[in-house]
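Each structure below is given as C-alpha cells.
Next, two complexes with chain A in common: one pairs it with chain B, the other with chain C.
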Partner chain A sequence: MTITNGTLKPPETNADEPIAAKRTGTAGVGFGRWWWALPAVALTLVVTYLTTAVGAFYAFTDWTGLGDFNFVGFDNFIHVFRDQALLGSVRNTLLLAAGFVVFTNLLGLSFALALNRTLKCRYFLRALIFMPVVLSSVAVSFIWKFIFAYDGPLNQFLNSMGLGSLKQDWLANPALALWCILAVMVWRSIGFVMVIYLAGLATVPVELEEAAALDGAGIWQTFRNITLPTIQPSVTIATVLTLIQGLTVFDEVLTLTGGGPGDATQTLATQVYSQTFIYGGFGLGAAAALVLTVFILILALIQQFVARDRAVRED
Partner chain B sequence: MHRYTKWSLFREVLVVCAAIILLLPFWILISTALKTTDQVVTTSAFSFPPAPTLDNFIQLLSPAGSQSGNVYQGLFSSLVITTGTVLLLIALSSAAAYVFARSTRKLSDRIFRIFLIAIVLPTQLGILPLYIGARSLGLVGSPWGMIVIYTAMTMPFSVFLYSGFFRRLPRDYEEAATLDGASRFQIFTRVIFPLMGPATGTVAILSGLLVWNDFFTAVIFLNGSPYMTLPVVVYNFVGSLVSQWNLSFAVVLIAMAPVLAFYAFAQKKLMQGYAGGIKS
Partner chain C sequence: MSFVSNSPRGWLAVGATAVAATIVLSGCGSSSQTASPENEPQTIKFAFSQINPTDTFFQDAAANFEKANPGTKIELVKLPTETAPQTITTQLQGGSAADVLSIFSGQGQTGSMTGFAKANLLLELNDPEFSTTLPKSIEKLFKYNDKVYAVPVANMPAGLIFNQAKAQEIGVKLDATSSFDDLLKQCTVARDKGVTLTALAGTVPGNPGILTMALASSTVYGPNPEWNADRIAGKTTFAGDKGWQQAVGGVKQMFDAGCFQEGAAGAGFDALNSGMGQGKALGFFAPGAATTAIANATKGAVNPVILPMPAPGASQTYLGTTSELALAGNAKTKSPNLVKKFLKSLTTKEGAEGLAKGLGAIPVNLGDYQLPSGYAPIADFYKQDTVRPLGYNEWPSGKVYDSLGKGITAMITGQKSPDDVLKDMDAAWGN
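What follows is the complex of A and B.
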C-alpha cells in the first residue's frame, strides 16, 4: 500500500502467485483465515460507518438527545447558514483551515530546506522543532494562553520595545482572537510539515542539483525547476493533511478562547460540541458536523482527482 | 557542492535564531513553573527565577496535596487506556491487514477500501450517535469503553500501514513454514508477526501518541468520570486555577513529562514514524 502522488492506491498483487496458492487449496500453503479480519472490519463498520450514517440521519431531525423527534427536512442546514453565530463558525473554520495550510506549508518547507543538508546542528534543530507535534495540544495551548494574557510575555515584550500602546488582552479582542488561535495552530504543526518535506527532499537527486549549479542556475531556479517538481507528492500530502487538520480544529479553540469572546472564534467542530453536548441541540449539531464532513469529502475527492490526473499525464 | 561556506554559516545562525524564537514558549513554561506566585507577577516572564523553587511540583505531586489525586489518576488512566488501545489495536489490525494482504479475492479488495475511506472520514459526525450507543451500553466514563472506541478510531490507518508492510514480504516464509508443518496460526504468530517489528513500532508510536494526546473524544466520554485522561485533567485543572500560571504550568509540565522523556530517547524513530507512516 502506497500513497503515490498523495493518492491512496491499493497495492498491486502479483497475479500469478495467488492462483497457484488457490489451486493447492486448503492443503497448500497457510496464509491465515478470512475471519481473522472480522473483528477489525466489524469494529470499523460499527464505530465509524454506522455512527456516521446515524449522525447524518439525525441532521434532518429536531432531536434534542432525549425523547421523540420529528423530521424537519433541511431546516437545520438552513439554520446553520442563516444563524449569524453558526454562519460565523463556518467562516472561521474555512479561514483557519486556509491560513493553516498556507502558513504551515510555507514555514515547514522553509525549515525543511534549511535543515536538509550542510548545517551542522540540523539533526538537533529538527528534533527541537518537531517537539510540539508530539505534545498534547491542550497542554501546549495553555502556554500560549499565558503568552497572550494581559500581564503575559507578549505584552511585556511589546512594552519593552516601546509599543506599549498595543498592549491588550489579545484573546479577548474579537478581531484578533482568531489570528492568535491560527498562530498557535501553525506553531504546533511546523515540525509535522517539515518532516513530510524532509522525506520528500531526501528523494531529490544530488547529481541533478549539481548539474543545475554547473549550468549556472541560481538558488531560486534550482528550487523552482528541480526541487519543487520532485517533492510534488510531499506538497500534495502536506496540503491535504493540513487542510483536514485545519477544518477539524477543536483543541486549540476550546483551550484558548472556548469559542469566545462572544462566538467570535467558534469553529464547526466546537459548534458540534457545544450544540450537542451543552445546548442539547442534537439535530443542529449533527447538521454542523455533516457540513464539516461534506467539506472534507469534497476535498478528498478533489485531491484524488488531481493526483489521478497527474499520474495519467506522467505516464 | 555541499561544502560548509560562509553562506552556510550565515544560514546556520539564521535558522538557530528562528528556532530559538519558536522554542521560546518552552523556556517561558519551564521558568514560570519554577517561580513562586509572587514572582510570576513581579518578574519578567522571560526571566529565569533567581531562586528556582519546586514548590509547585511538590504541591501537585505530594500525596497530601489536594490536587495530587487528580494528577496521579490522570497519569494512571492515560497509561491504562493508551496501553490497552495499542495492544488491542496491534492484535486486531495486524491480523486483518495480513488477511487482506495475502487474499486474492476481488471481495477482499473491496472490503479493504472500507478502511481507506474511513481514514478521511472525520469523527465529528459519528461522535453523537457513538456517545448515545456507548451510554446505553454503559461504556461512557469507562476505560474499557475508551479502549474499544480508540481502537476503532485508529484501526483504519493501522490496517493501511500494516498491509503495506505485509505486501512487501515474500511468500517464501509461509511456504517454508508450511513445509515444516506449522499451522496457519503458528505461521502468523511465530514467523510473520515477529518480522513486522518496524511496522508494529510505527503503529504503536503513532496510535499511542494519538490516544495519549487526544482531547476531543476524551472530554466528551470521560469528563467528570473517575477515569479522565491527562489532557482532560489538565484542561479542568487549569480552568479552575484562575491565572495561577506557575501552578498551571507545573501541571502542564507533569503532563508533558512522559512524552518528553520518550521523545528524548526515540525522537529519530518518532520523526521517521510520522514521515514513514504517511509515505509508506
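What follows is the complex of A and C.
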C-alpha cells in the first residue's frame, strides 16, 4: 500500500495471481431469475413510487381529502412561498437541518476519536452515548419537555446554582424554542453518528499513524492528512443521513412545542401534517411535501458532491 | 446470458406472479354486495372515541340497544381520541368506515359533519323523529342542504371549571354573578396565596381557543347570535368587530393580571389536570364534562363546578355551550335501517339522558333533566335562555379556530398583538 498526496492506494494487482473463476454452467437454473424480484419490485412501485406520484398529483388540486377536487395549477406552490407561516417553516427547516448536520457530526466525530482506542472504559462509554438512539423519539421528547418545563429540572437546577435570573420558559420563548428542539435532536443522534465514525476509524491503519508520528506529524496534521481522508466515506454517509434526518424532523417538534409558540418552530414536515390532517387541505399539504422532497434531493446531491471521496475528485 | 426465461415454466411463473399481485392489490379495494332493505344484516359496527378512557356511555348505549332489540349486534370499535377524526375521514373516503361513527357537528374541524355530507359520505337521517328532536338553536349544525345527517350526543356548557371549595378556603370569591373586573381582582388574591386562578395549556390551541370563545359568547354571540352569518356574508370581520377585540383583549388583560400560571405559554394539557389536582391552580377552561371527569378521577376529593365566563365591556354574561359531539351513519352501510334505528334510540328521552349522564353533560332537549351537581352555578342561564352555542362549529375550516388558539399563545409571548391575532383569523377564513 502506498500513500500519494494523502490518498491511500491499494496495491497493484499481480497479473499472475489467480483470479476467481467466473461462474459458468447451468447450476442453479430456475433460481435467481429476474422475475423472482417481480413481487418485491411491484410492491415497491405501488407502495412507494405510485403513492408518491399520486401525492404529487394532488399538489396541483384543491382536494380537501373528501369528495371531488379541481385543478389549481401551481397555486398551492405559490401559496407555500407566499404564506408567512409556511415561509417561516422553510426557514426553520433549513436552520434545524444545518445545525443538526454541523453539531451531530462535530460531536459524533469528537466522541468517536476520543473513544476509538486506548481508553479502558471506552466500550461502556460508547454504549452510554449510543443509548438515546435506541429510545423512541417521542418518549425522549416528552422527557425533555418535562426538563424544559417552567417548573422543570432545568430551571430548578439554575435556581439552585443561584442563576435564577436565567430561568426561562424555554419552549415558549420564540427566540429559544428552536434551539431547544435542535439540542434534543443533536443529543439523541450523537451516538448514531459516533458509530458511523467509529466504523470509519477502524479502517485507518495504525502503522500509518505511527509512521506519521515518527515523521514528526502532530495530532492535527495526522488527523488532517491521514485520518480524515481515510474516513471520507463515513463523513459522506453521516452528513447525508443527518441532513435528511434534519430536513424531515417531525416527532421532536410536534412533541416539544407543537410548532409553537405561534408558528415559531413550525417545520415543513409539521406544516405538511397540519395543512393536510388538521386543516383538511390535502392539496396544499401535498405541495408542501413535494417542496420538502425537492429540498432534500437537491441538498443531498450538493452535499454528496462536496463530500465526495478525494480520489474520485482527482480522477 | 439471458435473464429472460424462455421456458414455459418461467412464463407461467411470471403470469402467476402478476395474477397473484393483481388479486392481492385489488383485494384492498373490493366492494361487497349490499343486502336488500328487508333482509339487511343485523350486525353493525360503531366506531367512536372518548376523551375520558374510563367512560362507558357509548358501550352502555349499544348494550341497551341490543337488549331491547334481540337478534341485533353492535360491534364496538374504539379509536384513539387524538387521531379519530383523521381515521374516520380516511376510512369514509376509502369506503372502509364503520356503520355508525362519532363525528363533530357543523364544520370547521377535521371530522365535521358538513364536509362528509357534502361528499355524500353520510346516511341521510330522513325519518321525522330526527328533525323533530333537534332544538332550533342547534339544528343547522346537524343539517346540510336542509337534510339531517347527524344526531347530537349531548350539550355541554363551556366555562371555568372551578374548585370552589379550595377557593373559599384561601379567600378567593368568584361565582356566576362576578364581573370581569371581579375576576381580574380575584386573580391577584389567588396569586398572593401562591396559586393561580386558572391554568392554561398554551401549547394546545384548543385550550386558549375555548377560553376566548367563552369570552366571545358574551361579547360577540350574545348581542348578535347571527354573527357567523354576517361574517359569511362579508358584513363584518374579526379584526373589525368590537366584540372580538374585547374578547381577545380580555385574554391579554387576564394575562397581565396574572390569572394564568408561570410558563402557561409552554404548558400542555397535563398542566390543567395536575395544576388543579395539586392545588396549584383553582381551575381551567374546558367543556362542563370535565367537572364529572375530575370528580370521578379524584374519587370525590375534588368536586369542581363550572362558572360562566364574564367578559369585559359586555352588559350581560352569556354562557357558551357546545353540542359538537355527534353520531352519524355511513352512507355505504349495508344496514341503513338498523343504523337509523340505533341512532333514533339515542334521540329518545331515555337514550339522550343516558348519554348525557355518562358524559357528565346534559341532553340537548333539557326538559326536566336533573343537572349534574357541578352545573348548579349555571342553572339560571339555561332557565333564562342566556346561552349561546360556541361559534367555531360554523367556521369554514379548522384553520380559523387554530389561528385563534395559536394566536392567543403568540400574544401572551409577545409575538403578536390582539389585532394581529384577529387579522390572522380573517386571513385563515379566506376572504
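Going forward, the second predicted complex is superposed on the first by the 265 of 315 C-alpha atoms of A that agree within 3 Å, B and C clash if a C-alpha of one lies under 4 Å from a C-alpha of the other, contacts with A are read in each partner's own complex, and residues count from 1 in each chain.
Assume a residue touches a chain if its C-beta (ideal position, glycine included) is under 8 Å from a C-beta of that chain, and two chains touch if they have at least 3 such contacts.
Note that the structure is a prediction, hence the values are computed from the model and not measured.
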Which of chain B and chain C A:G67 touches, first, second, both or neither: second
First (chain B), second (chain C), both or neither touched by A:P153: first
Chain B versus chain C as contact partner of A:M131, first or second or both or neither: first
Partner chain(s) touched by A:A211 [first = chain B, second = chain C, both, neither]: neither
First (chain B), second (chain C), both or neither touched by A:I78: neither
First (chain B), second (chain C), both or neither touched by A:D263: second
Touching partner for A:V54 - first (chain B), second (chain C), both, neither: first
Chain B or chain C, by number of chain A residues touched: B
Partner chain in contact with A:L166 - chain B first, chain C second, else both or neither: neither
Partner chain(s) touched by A:P174 [first = chain B, second = chain C, both, neither]: second
Shared chain A surface residues [contacts with chain B and with chain C]: 30, 33-34, 39, 43, 46, 65, 149, 151, 277
For the chain C and chain A complex, residues of the former touching the latter: 3-5, 9-10, 13-14, 17-18, 20-21, 25, 86, 89-90, 92-93, 110, 115-116, 118-121, 202-205, 261-268, 397-399, 402, 406-407, 409-410, 413, 415-416
In the complex with chain C, residue positions of chain A that touch it: 30, 33-35, 38-39, 42-43, 46, 64-68, 145, 148-151, 169-174, 257-258, 260-264, 274, 277-281
Parts of chain B lying in touch with chain A, wherever the complex brings them together: 1-2, 4, 8, 11-12, 14-16, 18-19, 22-23, 25-26, 28-29, 32, 41, 44-46, 92-93, 95-96, 98-100, 102-104, 108-109, 111-116, 118-133, 148-149, 151-153, 155-156, 159-161, 163-164, 167, 171, 174-175, 177-178, 182-184, 187-188, 209, 212-213, 215-216, 219-220, 230-231, 234-235, 238, 243, 245, 248-249, 252, 255-256, 259-260, 263, 267-268, 270-271, 274-276, 278-280
Chain A to chain B touching residues, read off their complex: 1-3, 8, 10-11, 13, 17-19, 21-22, 28-34, 36-37, 39-41, 43-52, 54-56, 58-59, 65, 111, 114-115, 117-121, 123, 125-131, 133-140, 142-144, 146-147, 149, 151-153, 156-157, 187, 190, 192, 195-196, 198-199, 206, 209-210, 213, 237, 241, 244, 247-248, 250-251, 254-255, 268-269, 272-273, 276-277, 282, 285-286, 289-290, 292-293, 296-297, 300
